[in-house]
């Protein structure tokens, strides 16, 4: 059998050189392609903005300036980036383990509740300890919440897509109930939880911006997660179960055990995301605590192709969109709905552009090496 | 800081413009609270030739950042139009002592550069309750809100007290839609209450108001709108609306700022007396509503102004 | 008491049906695309666009029929978009679906604002509820079953039609084969790509109809995000219904009935915290999943694009 | 020159991402022939036929059908031109009934209605005519592989095939079934059907075909008339070197008992009074190969799964080196020294998306030296994989290549290497050479023999009777979940075949 790497059978060696270059720098190229896709989406957006009677370049000026052109905007963007990163990690690790978790949103809420209970009601602890315990509480609560769907899947074979989705709604109403009743701040006349104590707050790491130590936690966790997946036996087992359940069984891997670990991780990550958001940014629980971070996380994970660098880049993109579009309305008065239109276009174009990346990967590095 | 350039105005003029920013928690097309305020903002813009900016659908997660941005982008007056933004505004205001803040619909002003203007939220409702109590034939009334809030609770109590003051046999059902956007839920919820016997629905559930009014229309019941005059939605169904004039808060704040006749650092609960609360005109019902009812209403109004009616609890 | 119960039950059932139908239209849309092996995560966005364009057509052109037509066309176009990206470009159906959701929300809200600049009232013409002589007048049954809008009966008709299509026609058989194993279908001479495009376009149109139902029969006005997440519930209903039209019908009715029930219970004001009442439909769905539904076997080629060399 | 041929290929080239499957194929098949296509794994046999059938499309080159240029090759078109193909991997939908599978893609007499009864009649006519009996109302997942193949053939004939392509049809059949198939093919051929027969089993090819073409590395290296060639020549043409197909077997040096099964049974949880495995007992000693012959779906799968701890028997016991392992988990068994080469390498033996290196540690990844403390040791793993690839001569540029990109033979080598390089006390092998070519088969067989000679204890389950007879010291025949007979390499093929078919029970002979 012919074990040759295929170079496209056109004599054109310029093309060949391109393919050779491509096969070496696939990562770079895929990023490049995505960037072009984004530009295309922005171009269409520009036309719409112009139709709305606003100067697109000015508008986009605010997009950049608002998201990282100014010190504050920079900090703000990175602050939004944190929960997005956690949510996407949560989806990614579940995906790798063959589990479809669309429940990050709910797990974020419940995780935050966990952190709140420790952060607001456990008193006089030294900050280090208090913060650690609150974070742990977030992880545990998130894991337990995901665990409901997991146990139902493992023991009753219920479809986790539905259960995680349903649990989102339940979580949000549950939290609303809690802050109306048991966890309501007695000091306040409106329905909010009590704030967490100062000893449980994450420190600001970029003065004069909201950027808090959650960023460091998020980045460290990202590294840990991918280390877990690709450098530890349990991670190996998770990926095996995700990639080929039968083979995993024949190899003597304990499916139930591994799936449980996967669940705890996926739920724990989202829960940790909620805890960090609470302890670093919002400090008290309110009804609209997470503006859809959990759902954005799915997009981030897929767009980032489930690899650490990709996910980080995609999360930054989503954060920029969230923050920058706000600046576009403030500065240039771009109608709010147009911002969603542009966001939608960017997502659709970037994902669609994945086609080119795939094709290129196939024709260069892909196939039988 | 960059000015949001008005194509119509020469930049030189833009320099002198007072810059006002407003933060909304929903979109400005909510057929009520935010929409009215946005309208007022545009009115003020023309009146004082302001340089105006606003941001919609600002989440609790982001509101502080938005406020800080406005403050640091050199806006003179930053207004947050939402009860739940009270704390964030007070927190941010402390960081920007030389920027002026206002909470429209807020309930606390902790700093000299903050003012909180709100309707009592119950006086107009009290009038609505009086009318409902007098008009109901089934002695069953319904009140629909999105979710439970202290405001909502106080309104419900106010509505009930008022109705029962006129007619002790009246019972009031309070139900929730759980969604600001869901017109159909509002409609079905109202239908349920009406089928249960209620003949007048007081609706205060965001976009759901429209649905609730349609439900009343289709089932031959009456509706009382809230916050803005909703009569135009169904002139022969909407008896009146309990005006909380969110528009007025914005006007009071901006006028007060421009004419320096509003004292900052204070909380202004304003009601019937201040003329920002009350019932909308009866429109088509002008002649259908008996004179004695109108007299009763007027008398209650006087009591409210005189402060003879104690504030209902928010529990 | 008797009468009161009767009343409540009737109201509840009638309401349940009204609440279920938008879900059912959209759910059937989800079913059709998934039977052919394509996830349609764009249901919410398509539904929302359906709601707006139905409203717009009815309001601008003065006829609900034209509104209905517009909704169907727009839905089909969105289906085509999802089809092109997932069938031809073979990229993530999941995220494109999410993208369509965000895009749809923005687009409809924006157009609505353009429409709304004049403060004047703009009310769409609704389809009237039908009144079938005799039938509609039967106590109980009459109000529950025969007091509805004709679209309700169209929707039920679609359930019959679709299950007939899948079980009693050759095309239906080929269709299922495409979702089970496209290569087998291909070797049998079935044009996989054509079937899948057909599926996703129909899916878009049906999802859009779900939205149209809201603005052509339930409320005469459009509101930003009027679908309020119904598309996602519909998606859940497809799986809950085990990819079977009648199952989907049951699942949608479960959601509708549960929602209607919690409303009725609120009216009875039993003092249960309303948040718990609001979460009942979702908890019921999970219980149903764990209890009666059990293990769901989804079409084997679900979500897998067909690569032909 | 195209006129004389029924089908002819001219300069066909086909590439897949990174692979040249067919570089330049020229081939002609005459009307009324049984034309065999012979070639190693990955030679391009299936690809060439898939192109003719329209499942793939060639990059360049032309096809002529009955002298006409045959363009736009799609399956539908192929069917209309009377081309039928039985694919290497059956093209049936498991959760459809046989009937539905046959109807698929047909146009109904009264569209759009699905006229099942009409089709049933039509199909029965055809199955009468060609004498192919199948139960139309069973789900495909419920019928045996042999039956599934009959369904495939019936499907092709029903669709009016004048040219019938069979891609490795006998790999799943008993000798008897194979003989029946050949008879059937001869009849069809008499009735005027041209047949293309793909295989890499020389004796079959010699038996059935009248012309033989050999593919190697995506090219036709020769086309010979059967009369003018020999198995030896064919294998040389095929592999490109001499292959010694036969070699003498040293008699086993039997040691102590290593593995024992005491009358285990497994009840079908779908049908309580049916047994998938029924009262099976056996005892295997150090240094011998025991072979289990039998047609597929006669309980071998379940038996193997019980031995591997994937299932618990309803009754009976399993013992490894004296320990009762009836309820042991798979991992425990592996740690006790069980090695297993599963039947379905793509789904059970390997993780297709993983690299070769990752696949070499599937069962041992958590043990030293692959894991130290918390973390895997990539360097160690890679070296191990490199060594293994070298020792078992896996043809690959590097160990980081995903195994899905390896040819079947090389995939099997990865598994064998992995299982042999553990410290094994008992080796369970299923279908060790399924779908492999002579070269690979020879290699695998030698590996098994040398393992056995160096004292390994082996239980081999295979549907390839030749293989069983060639390697086993003792043969057990399994039929409907029971051991129906004992045999050894001296027992005649016919007898064993009859046991496999259930028509002869050994006790009947005694």
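Letters A, B, C and D mark the chains in the order given here, with residues in each chain numbered from 1 onward.
Keep this in mind: a residue touches a chain if its C-beta (ideal position, glycine included) is under 8 Å from a C-beta of that chain, and two chains touch if they have at least 3 such contacts.
Just so you know, these numbers come straight off a predicted model, no measurement behind them.
Colleague: Tally the contacting C-beta pairs at the A-C interface and at the B-C interface, and name the larger one.
Modeller: A-C
Colleague: Can you compute the centre-to-centre distance for chain A and chain C, using the mean CA position of each chain? Integer Å is fine.
Modeller: 29
Colleague: Just curious, how far off is chain B from chain A if you go by their C-alpha centres, in Å?
Modeller: That gives a centre separation of 37 Å.
Colleague: Please compute the C-alpha centroid of chain A, do the same for chain D, then give the distance between them in whole Å.
Modeller: Averaging C-alpha atoms per chain gives centres 45 Å apart.
Colleague: For chain B, write out the residues touching at least two other chains, lowest number first.
Modeller: As it turns out, chain B has residues touching two or more other chains at 27, 147-148, 178.
Colleague: Where in chain D do residues touch two or more of the other chains?
Modeller: Chain D, residues with two or more chain partners: 16.
Colleague: Provide the list of chain A residues touching at least two other chains, using ranges where the numbers run on.
Modeller: 173, 176, 180, 336-337
Colleague: Are the chains arranged, by touching, as a line, ring, star, complete graph, or other?
Modeller: Per interface graph, the chains form some other shape.
Colleague: Hey, which residues of chain A end up touching chain C in the complex?
Modeller: 152, 156-159, 161-163, 165-167, 169-170, 173-174, 176-177, 180-181, 295, 298-299, 302-303, 335-345, 347-348, 351-352, 354-355, 358
Colleague: In the complex, go through chain C and note every residue touching chain B.
Modeller: So the residues of chain C in touch with chain B come to 7-8, 11, 15, 18-19, 22, 109, 112-113, 116, 121, 214, 218-221, 223-226, 228, 260, 263-264, 266-267, 269, 274-275, 278.
Colleague: List the residues on chain B that touch chain A in their complex, please.
Modeller: Residue positions touching the partner: 2, 4-5, 7, 21, 27-28, 53-62, 64-66, 68-70, 72-73, 83-84, 86-87, 107, 147-150, 178, 314.
Colleague: In their shared complex, at which residues does chain A touch chain D?
Modeller: My answer: residues 1-6, 9, 227, 230-233, 236-237, 239-240, 243-244, 246-254, 362-363, 365-369.
Colleague: Within the complex, which stretch of chain A touches chain B?
Modeller: 53, 58, 62, 66, 72-73, 76, 79-80, 173, 176, 180, 189-192, 210, 277, 281-282, 286-291, 322-323, 326-327, 329-333, 336-337
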